[in-house]
Amino acid sequence: MDIGTVAGLAMAFGLILLGNKLEGGHLNSLIMPTAAMIVIGGTAGAVIVQFPIKRIVGWTKGSVSLLLRKKPNPPLAISQIVDFAKRARREGILALEKEIGSVEDPFFAKSLRMAVDGLEPKTLVETMEVEMETLETEADFNKKIWEAAGGYTPTVGILGAVLGLIHVMSNLDDPSKLGGGIATAFVATIYGVGAANLICLPFSNKIVFNFKEENTLREIELKGVLLIQEGINHSIIEEQLKSYLDAKQRKEYDSKYGSKE
Amino acid sequence: MDIGTVAGLAMAFGLILLGNKLEGGHLNSLIMPTAAMIVIGGTAGAVIVQFPIKRIVGWTKGSVSLLLRKKPNPPLAISQIVDFAKRARREGILALEKEIGSVEDPFFAKSLRMAVDGLEPKTLVETMEVEMETLETEADFNKKIWEAAGGYTPTVGILGAVLGLIHVMSNLDDPSKLGGGIATAFVATIYGVGAANLICLPFSNKIVFNFKEENTLREIELKGVLLIQEGINHSIIEEQLKSYLDAKQRKEYDSKYGSKE
Amino acid sequence: MDIGTVAGLAMAFGLILLGNKLEGGHLNSLIMPTAAMIVIGGTAGAVIVQFPIKRIVGWTKGSVSLLLRKKPNPPLAISQIVDFAKRARREGILALEKEIGSVEDPFFAKSLRMAVDGLEPKTLVETMEVEMETLETEADFNKKIWEAAGGYTPTVGILGAVLGLIHVMSNLDDPSKLGGGIATAFVATIYGVGAANLICLPFSNKIVFNFKEENTLREIELKGVLLIQEGINHSIIEEQLKSYLDAKQRKEYDSKYGSKE
Amino acid sequence: MDIGTVAGLAMAFGLILLGNKLEGGHLNSLIMPTAAMIVIGGTAGAVIVQFPIKRIVGWTKGSVSLLLRKKPNPPLAISQIVDFAKRARREGILALEKEIGSVEDPFFAKSLRMAVDGLEPKTLVETMEVEMETLETEADFNKKIWEAAGGYTPTVGILGAVLGLIHVMSNLDDPSKLGGGIATAFVATIYGVGAANLICLPFSNKIVFNFKEENTLREIELKGVLLIQEGINHSIIEEQLKSYLDAKQRKEYDSKYGSKE
Amino acid sequence: MDIGTVAGLAMAFGLILLGNKLEGGHLNSLIMPTAAMIVIGGTAGAVIVQFPIKRIVGWTKGSVSLLLRKKPNPPLAISQIVDFAKRARREGILALEKEIGSVEDPFFAKSLRMAVDGLEPKTLVETMEVEMETLETEADFNKKIWEAAGGYTPTVGILGAVLGLIHVMSNLDDPSKLGGGIATAFVATIYGVGAANLICLPFSNKIVFNFKEENTLREIELKGVLLIQEGINHSIIEEQLKSYLDAKQRKEYDSKYGSKE
């Protein structure tokens, strides 16, 4: 679970609803499936028209990982690579075959599999760089789809509100229902503005930061596999990979895994 | 029919109108030819002032193809090129003359005709590249015209609403008609905001993605015709053209047409 | 008269006013000299503060030509150049002196005059290129002034509306006049939003397309005069100048003037 | 006095207020020191937070000169430089010492002083170019501060309006005061929108055009002083400096000062 | 304390509240913890979703320093460096060890410590440049976080207002409470618009100016330490470092510390 994302969402929705409750508002009056149908339906339709289906599918998956992803842990990855390097020097690179199953990150597993299978380093790098570019294109599309959605939700929300107001206005005969009708119409605005500002736009930007973190991890993994393949000594590998870490991560690495050497 | 575009439009309009219906709104109260006349007329006028007539005509045609176009099928095109290559090696390039009629894509047909007619490869490439640039300029204009229309519709919609409100306000004598009058005025806003967000802006962006897909197909076709003209062996042609495909398309090609070899 | 511009304006204003009329609105209630005074006065003032006087003067002239300009006719110009070239080869370049009076485009006339007067080609090109740059700067300013005006009119319109509302609100004693007062206030909004979206912004963009068309014509004319001056054969001139035309114009040239050769 | 700026401001404010008066509005109802306090105070505060104090001070001075500046007169400056050049050739450059006092433009005076004092041309150019860069940075900041102010005034105006509306709404007991209260609240909007569109944004753009005019003058003056220092003949200086003038200025120079030679 | 920031904030809030008070508004009616909870909670949540936690923590610290920071004083720093240079030449660079404690700026202290410890100049420069880049990235994030917050507050404010209006509208039974309810709803708008325009956006821009000032100081300090390490004569050091000062700072340096030499 991505603590930052989940905590941010909980904070935004929690405090807004709490503030509303303390002012005397009822949560009930904010729950309106028809308004949600208008805002989500209209936005989803516009997004589906705009982007290729294949990208929409990728975005749906990518968005789940926004909430559930595990934060990349480069120090742990380096420690694992150093372990593998030691073993490969002792027992030969084929000995790593049984380790591949225990590797969680599919990018790392695939690189390792290719090295164990004895592919040329050049082929290995080219294949994995194509993989990295594909992942970058995907992250870029996910960002743009959230951004587009964040542009559509508020206007579709207003569209929903005006639809509601038209309904209210055509039935002015019974003024006692006027207030309730207008209130209902406003809920679509709440949904549209809220979805854009509390979900779509923050997610759109978060994706860029997440991609950078994950890409650094992938660079470490690819570099590490190549060094193992070359049969480089594990302490040189460790030194080289540590240059990818920032000051805080380096300290963490030294305290947790550095004793290894 | 472009499934994505048609499904997206159906979803957006369907769910918004369904949501409105469930809230008790009447579809009737949203049908107003005069509001449509104002929004479409004002927007079309502004677009006609802004762009050269020739581009507006091209855009009208291009917009029909947004809904009706067939998704480019590069694997199928490669398979066809490989067939032609086999035949040309066996019977000579002139044998392809009778095949030209069966080629659907006019770009492919024109390239093939030039090759059969024995034009210099250099002339063939230059002519077809001019054709590709013309198509790119056209796609670019179509994108910009939808974008401009998406900028004008909401403001013209507001203009229509204010016109309606002026009419209502000058006739406050009969308050019982006030609500209905305001409701009518709001319909122009609905039309303007809806047209921009559910049609114009998504179409404007979709055009870019469509153009890229179609352009890749044209690159494959042009490359294929040149290789046939050179008399290259069909299996080398197949290999070269497959490099234009992404992973999924390559798999599709192999399963459907790959047995051919 | 520029058909596209005039037809677009007629369509926009015609359909909006017709739609309003069919809804029961009165054209009378939209005619308010004071609102026009506020919107036009405020916008003009802001534009005059912002731009150098000299550019405002140029823009006023350029804007008249937006409505009245004749569409450039490159095929006709090439045909005329080819005629002049024939004559110059037969009777010497001085024979063109009496033709200068019949040339409509001042840019063409000036280039021709310089060639007849025996100026060095290098001087001729430099002088005319300075002329072309001056015209480009002018077009660029005209575009920017329309754009700036299109940014000011809606806000000045809102300013006019709020001024009207203040007036209405300070006189709530007689509620029967409330509606009419608000209606009047809204007219300034109509003027501001309408001027921006139906006139200023479309004109601003149209200027760029017009400039490009006219600049191509000037390039043809300058090139043509230089080739005449060099004493090149008229059919070579024709061939060279035709490369400036697009497919449709080339066809037009061939059908109308091509027999000449 | 800068005619364009002053006339533009007079036109904008004059016609808007006249239009309002003709509609029956009272100027009195638009004069509200408290609304001015809110709009000016809030905007000034935001600008002071945002920019370094030193830049705010420079901007205050620069803004006075927007209204009071004398239009640069390059032909006059060239004529003066030509006079100085003649004299320097006749009596030596030291003879110009007594002329420095009569030179109005401080940039010109400083350059001349350095030349008379016998500084190396290289040092002179470097010093004056640093001066020109400083003036450019200053103009750039003045532009940005007006721009920022033009962004803050409308929102602070709306803030003032909402403050007023809150006040009105909390006192609905006496409905007879409702209209007047709302009217008062709207005045802050008028101030904010008016200040942004009639003053801040036009001034922000005007500064760029003014800077360019003044910079051309400074280039002429610096070039002129360097040529005088080199002892170049005055008619060559005249020729060289005239290349900085546009067609209209060149004509003006020839008719007013050209006889001199 | 940063005078400009604090004075600007005081001016903005002071004059707006004073203007409101003079109009008859009550400060009490603007104090609403629930509205603050909605605006701050919603904005903070969106910002926490969007940015990595590590950057949010850095931004919180950086924002305190926006109010409390001491203005960088390059002349004072140069004077101190010159003193250190004299001493190092007389007593050797080790003599500076006891001075490090008295150096306030941690960047300066760290550079000096490295020089005293006898590190290679190349290593010293590399280390400190990494430090400068880290500080630049941090400043850049702080700017972007304030900017993002300034984008979210007004929309979350409107969200709060609509929530309030829904509450009011659902309880129209008692019209006497209508006004008060609407007033309360508007307070969230005030908070959102005020926070964006008087705090977030000005702070976002201020950070850039502050960073530039501090970075110049750091460049002086790093250069100074390197020159001391090389054993350069103090008056040459003084001359070189003074080239980083602008005219006013140079005058200040000469009058306050220049006698030293």
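Order of writing sets the chain letters: A, B, C, D and E. Residues in each chain are counted from 1.
Here is the rule we use: a residue touches a chain if its C-beta (ideal position, glycine included) is under 8 Å from a C-beta of that chain, and two chains touch if they have at least 3 such contacts.
Quantities reported herein were computed from a predicted structural model and do not represent experimental measurements.
Asks: Any chance you could name the chains that touch subunit C and subunit E both?
Replies: In this structure, the chains that contact subunit E and also subunit C are D.
Asks: To bring subunit B onto subunit C by a C-alpha fit, how many degrees must it turn, rounded to the nearest 5?
Replies: 70
Asks: Averaged over CA atoms, how far is the centre of subunit C from the centre of subunit D? Could you give it in whole Å?
Replies: 31
Asks: Where the CA atoms of subunit A average out and where those of subunit C average out, how many Å apart are those spots?
Replies: That pair's centroid distance is 50 Å.
Asks: Give the residues of subunit E touching no fewer than two other chains, as numbers and ranges.
Replies: none
Asks: Edges wherever two chains touch, nodes for the chains themselves; is that graph a line, a ring, a star, complete, or other here?
Replies: ring
Asks: Which positions of subunit C touch subunit B when the two form their complex?
Replies: Of all residues in subunit C, those touching subunit B are 3-5, 7-16, 18-20, 22-26, 29-30, 154, 176, 178-180, 182-183, 186-187, 189-190, 193-194, 196-199, 201-203, 205-206, 209, 213.
Asks: If we count contacts the way the header does, which residues on subunit E are in touch with subunit A in the complex?
Replies: 33-35, 37-38, 40-42, 44-54, 148, 151-152, 155-156, 158-160, 162-172, 184
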